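The next block holds one structure in the form of C-alpha cells; read it before the comments.
Letters are used for the chains, namely A, B and C, taken in the order the chains are written, and counting of residues starts over at 1 for each.
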C-alpha cells in the first residue's frame, strides 16, 4: 500500500504540477530533466560564501506580475522557489518533502490533515509567517475570482483553519493521499497587503525583491529573514530580452550568465562561445503541437484530424525548423519516441498526402476549403517555418492554409478561455511535458492541461478511466499495457497533432553551478552559486 | 496678442480632449482584452467567473462613455489607474521608466546636435563641394537606415565583437554615473544618427536661406571674415525657423526611442509603449499616448508663442489667419 | 525619420516641365532617378529575372552561404534569397506605392479644402493635422496594426493614413502660396471663372511639389513597413516583404549573418534613392536655391 501510494503520489503530482505550467503561450517553463543540473545539488546543507551576481535571461516576456496566485505567463515560474515557497517542495527525484511545514499527519479516513509549521519563518519584511497566513493564501487560491491555476488541484478542500499559531487543519471532501503534493502548488506570499505585494513582492523565500521594473528587470537579493540555509549568490537579476537573438547576443557578450530556451539555430554559436556550457537534458520536455477545436466542425470528426496528421511532413519540419534537434512524433503520440513508455507498435502517421486527401474527403472537407494557421508574432520562428511547410503541402491536395501571426493577447484571445470555439483554426503552440507518461497522456483530456482535446461523450470516458487505472496500477507491466492502449487511442483519435518533441535548451557560463529543473518544470536557482 | 494666445490655448485644450477620446476608442476596438492574457496566460482551465470578476473589477463591462468618464475623472486627480498585469500604479510605472527615456533623449539630442551643428555650419564656412556632397550623402544615409538596423550593427560591433559597451539595460545616473553613461551610449548614438540628419538638413537650408538675405550681403560687402558672418549673423538668424522644427525633433526623438529602447532592452517609456500594445494594457497605453499628445501640443504652443515674441511680423499674420 | 522636414523644405514655384529638366541636370538627382528605375524594373521583372522560384523549398541547402547558384544564399527552408528579395520587393513596393497614392490623394484633398475654407473650419482642420504630426508614427502604426491586422490591405490603409497629415499641410501651404502669386491675382481680377483657375492653373502648379513629396512618402512607407515587420507585425507568409525578410534574417542571425544583410542593404538603398530623388525634385523646384 505504501509503495504504490508513493508512485501514485509522484504520478499525480506530475499530472497536477506539470499541468500548471503549460506552454500554450509559447514561453513555458521547461521540465523533465533531472539530469539538467549544473554541478552538485546537495547545497541544502552547505554553508557557502555569498558571492556572484547571476544575470538570467528570458525571451518572450519578462516577469510582469509578482502575485503568485495569478495564472500568467509561465516565464514567471523561475521566481517561485526564490520568493514564494510552499508548505512542501519537490526534490530533484520527484519526492515531496517539507518546506515551510515541518511535518504533517492525517486522519484514518484520509479526510482530515494537519500541517505543522516551522517556527522561525518570516516574510522578507520581517513579519512572522504563521498559520493565519497559510489559511489566507489557501483561501485566496480557492477563490474562483482570483483565477489561480492551483485551484483545480485543491478545490476539494472543504475547510482550512488555523488551529494554533503553527498548526493548520484541512478538511477535504473525499479521501486523498496527495494533499501535500497538491499543496506544493499553493505558493505562500504576504497577502495582507495586496498592493504592496504587486509592487514589492513579499514572501518567505530565500530571496527578496530589491528592484522591480515590470516586464523588464527583477533583481533579487538574499532575504535576511530566511529560515533556511543562506543563499550563495549576492543577487539574481532576471532580465527580459526583446527576442531570442538579442538574448543569445547578450549571452555571448557576457552580459548574461544564463539563458533559458534559446533556439536550436544558436547552438553552434553558443558552443563557440568561450566558457559557455549548454545544458541539454536527455529527457524531453517540450512537445510542439498543433491544436484544433474538437468540439466544432470540421475537426470534431476524428477522420479530419487524422487527415491533418497525415498531411504533416514531420521529418521536413524537424529538419528545417528544429535543425534536426528534435524527435519527430511519427505516430502522433504525446509521449516522446525516446521515452521507455513509448508504444513502438503504434501505426505511423507517415507523411502521405494521398491518405490525407482520402481522409479529408471522408470527413467531408472538399478541396477549396481554407484553414487558418494561427501563431504568435515574432517569438517562434520555428512555428512559422512549420506553417509554411504545411501550407505548401496542403495546397498540393487543394486545401488553402492561411498563415496569421498575432501578438500574444490577440493570439490567446482567439481560442481562450474554454469553452471558446475556434473552428477552422489550427493553433501552433507547445506543451510542457514530463517524463511521467501519465502527464503526457492526460494532456489529451479536455479541461486538464488544455482547452481542447477529446470531447465528452466520446472515447473520452474510456480514456479517462484507463488513465486513472494506470495511475493506481502497482504492476509496471500492467501500467505499460495501459499506456500502450492510451497511446493507441490517442493515435486513432488524434485530439491534437504532435509534431515533435524537443528538450529545452539552456546555456550558462561555466561558473554557474547548482541549478536544476524539477519534474514539474520549474527552473531552480535557489541553490545556485557562482564559482569563478 | 492676447486674443491670439487665448485662442491657441483654447484650441490646444480642445485638441487634448480630442486626442484622449480618440485613443480611448481606438484601443477598445482592438480585439482581445487584458483579462484573457492576465488570467489565461498559463492556458489552464480558468474559471469563467474569474474572467467576469476581473472584467468587472477593471470596469470593462461598463459602457464606453462611462469608462471614458471614469478615466478622465482619475486623470484630473492625477490618478492614471493600475496596470492590468502588474497591478502597478501607472503613474509609478511611468515615473520609474521616464528616467531611462529622458536620459536617452537628452544624450541623443546632445550627440545629434554635436554632429549636426558643426556639419551644417562648416559646410557654410568652407563652401567645399566635396565636403558638401559627403555631408549630403552622410545625412541621406542616416535618414535612410532604419534605427533598428543601426542599433543591431552597433550591438554586434561594440557589444559582441569588441565587447566594449553594455548592449542593454539602464543604470540611473545617480546610482553609478560611469556605468550609466556607458549603458546609454550605444542607444544614444543610434538615435542620434537618426535625428542628426533632419537637423542638418533644416539647419543647412535655413543657413542658405538666410545667406541670401540683404544684411548678410552687406556684411560681406563690409569685408567681414566668412567665419564671423556665419557665426555672428547667419547662425543666430537661422535658428529662428529651426524653432518650428523643435516640436518635430522632439516627436522624432520620442518615436525613435520606441524602437531603440526595444532593441536595446532599455526600460523606458518607448519599450513600455510596445509592451502595453502587445498586452492590451489599456491604462498604461492611454496614459502614455495622452502624455505624448500633451507634450506635443504644449511644445507647439510654446514654440508658437516664442515665435510670436521673436518675430513681430508673425504676430500680425497670425491674427489675420 | 521625419517626413515633416520635407514639408518645411518644400518651396513652391516653377512650371512643371522645367522642373524635370533641372532635376536631371543635377548629378545626384539623375543617379537617384536611375537607381529607382533600376529597382522598380528589377522588382517588376522578378518573375523573369529571379534565378529560382521564391517558394521552392530545398531541405538539402538550409541557410546556405552565398554561392554562384545562390548569390544571396538560402533561407531557413532552402529557398533562394535573391529570388525572395526580388519577389519581396514587389510586395514592399506595391505596398509603398498604394500607401503613397492613398496618402497623397487624401492629404491633398484635405489640404486643399482647408486652404479654401478660411476661417475656423480651415483652422480646425489644420490643428488636427498638427496634432497627428507630433505623434510618433511607429506607435500609431503599432496600435492600428494590432487593431486591424497586418494583411496587405490593412497595411496599405494604415500607412496611407499615417502619412496623409504631412501631405495635407504641404498641400495647403502650396495652394496658399499660389493664391498669392501674380498670375492668380491677375486671373481673378480679369474675372476668369474660379473653376478654370483652380483646375487649370492652381492645382497643376502644385503637382511638382506633391510629386516630390510622393517620393519621400514612398521611402517612408518602406521604412515604416520594415519597422513594423521587425516588431513582428508585417505581412504573412507566403507573402514576404523586405521588412519580413529582414526580420526573419535577424531572428536567424546566428545561423547565417548574411541572411539579413541583403534585405537590409536593399531597404537602405531604395529608401536612400527615393529620398534623394524627392529632395532633388524639391531643389529643382526652387529657383532661389541654385
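Criterion: a contact is a pair of C-beta atoms (placed from the backbone, for glycine too) under 8 Å apart; a residue touches a chain by one contact, two chains touch by 3 or more.
Since we're looking at a predicted model, the values are computed, not measured.
A.B. asks: Based on which chains are in contact, what kind of graph results: line, ring, star, complete or other?
C.D. replies: complete
A.B. asks: Looking at chain pairs A-B and A-C, which one is connected by more C-beta pairs in contact?
C.D. replies: A-B
A.B. asks: Could you state the distance in Å from the CA-based centre of subunit B to that of subunit C?
C.D. replies: So the centre of subunit B lies 22 Å away from the centre of subunit C.
A.B. asks: Just give me the whole-number Å value for how far the CA centre of subunit A lies from that of subunit B.
C.D. replies: The mean C-alpha positions of subunit A and subunit B differ by 40 Å.
A.B. asks: Need the CA-centroid distance for the pair subunit A / subunit C, whole Å please.
C.D. replies: 46
A.B. asks: Would you give the residues of subunit C that are in contact with at least 2 other chains, written as numbers and ranges?
C.D. replies: Residues 146, 231, 250 of subunit C each touch two or more of the other chains.
A.B. asks: What are the residue numbers in subunit B that touch two or more other chains?
C.D. replies: Residues 30-31, 262, 277-278.
A.B. asks: Return the residues of subunit A touching two or more other chains; collapse runs of consecutive numbers into ranges.
C.D. replies: Residues 249, 407, 410 of subunit A touch two or more partner chains.
A.B. asks: Inside the complex, what are the residues of subunit C that reach subunit A?
C.D. replies: Residue positions touching the partner: 55, 57, 59, 62, 76-78, 146, 149-150, 231-233, 236-238, 247-248, 250-255.
A.B. asks: Would you mind writing out the residues of subunit A in touch with subunit B in their complex?
C.D. replies: 19-25, 64-67, 70-74, 144-147, 149, 151-152, 194-195, 198-199, 213-217, 239-242, 246, 249-250, 252-255, 407-410, 412-414, 416-418, 447-451
A.B. asks: Give every residue of subunit B touching subunit C within the complex, in rising order.
C.D. replies: 11, 15, 18-19, 23, 26-27, 29-31, 133, 136, 140-141, 143-146, 148-149, 152, 194, 198, 201-202, 205, 208, 212, 241, 244-245, 247-252, 254-259, 262, 273-274, 277-278, 285, 289, 292-293, 295-297, 299-300, 321
A.B. asks: Quick check: in the complex, which residue numbers of subunit B touch subunit A?
C.D. replies: For subunit B paired with subunit A, touching residues are 30-34, 36-51, 53-54, 83, 85-89, 92-93, 96-97, 155-156, 159-160, 163, 166-169, 262-263, 265, 267, 271, 275, 277-280.
A.B. asks: Please name which positions on subunit A make contact with subunit C in the complex.
C.D. replies: 243-245, 248-249, 263, 265-266, 268-269, 316, 319-321, 323, 377-379, 381, 384-385, 387-389, 391-392, 402-407, 410
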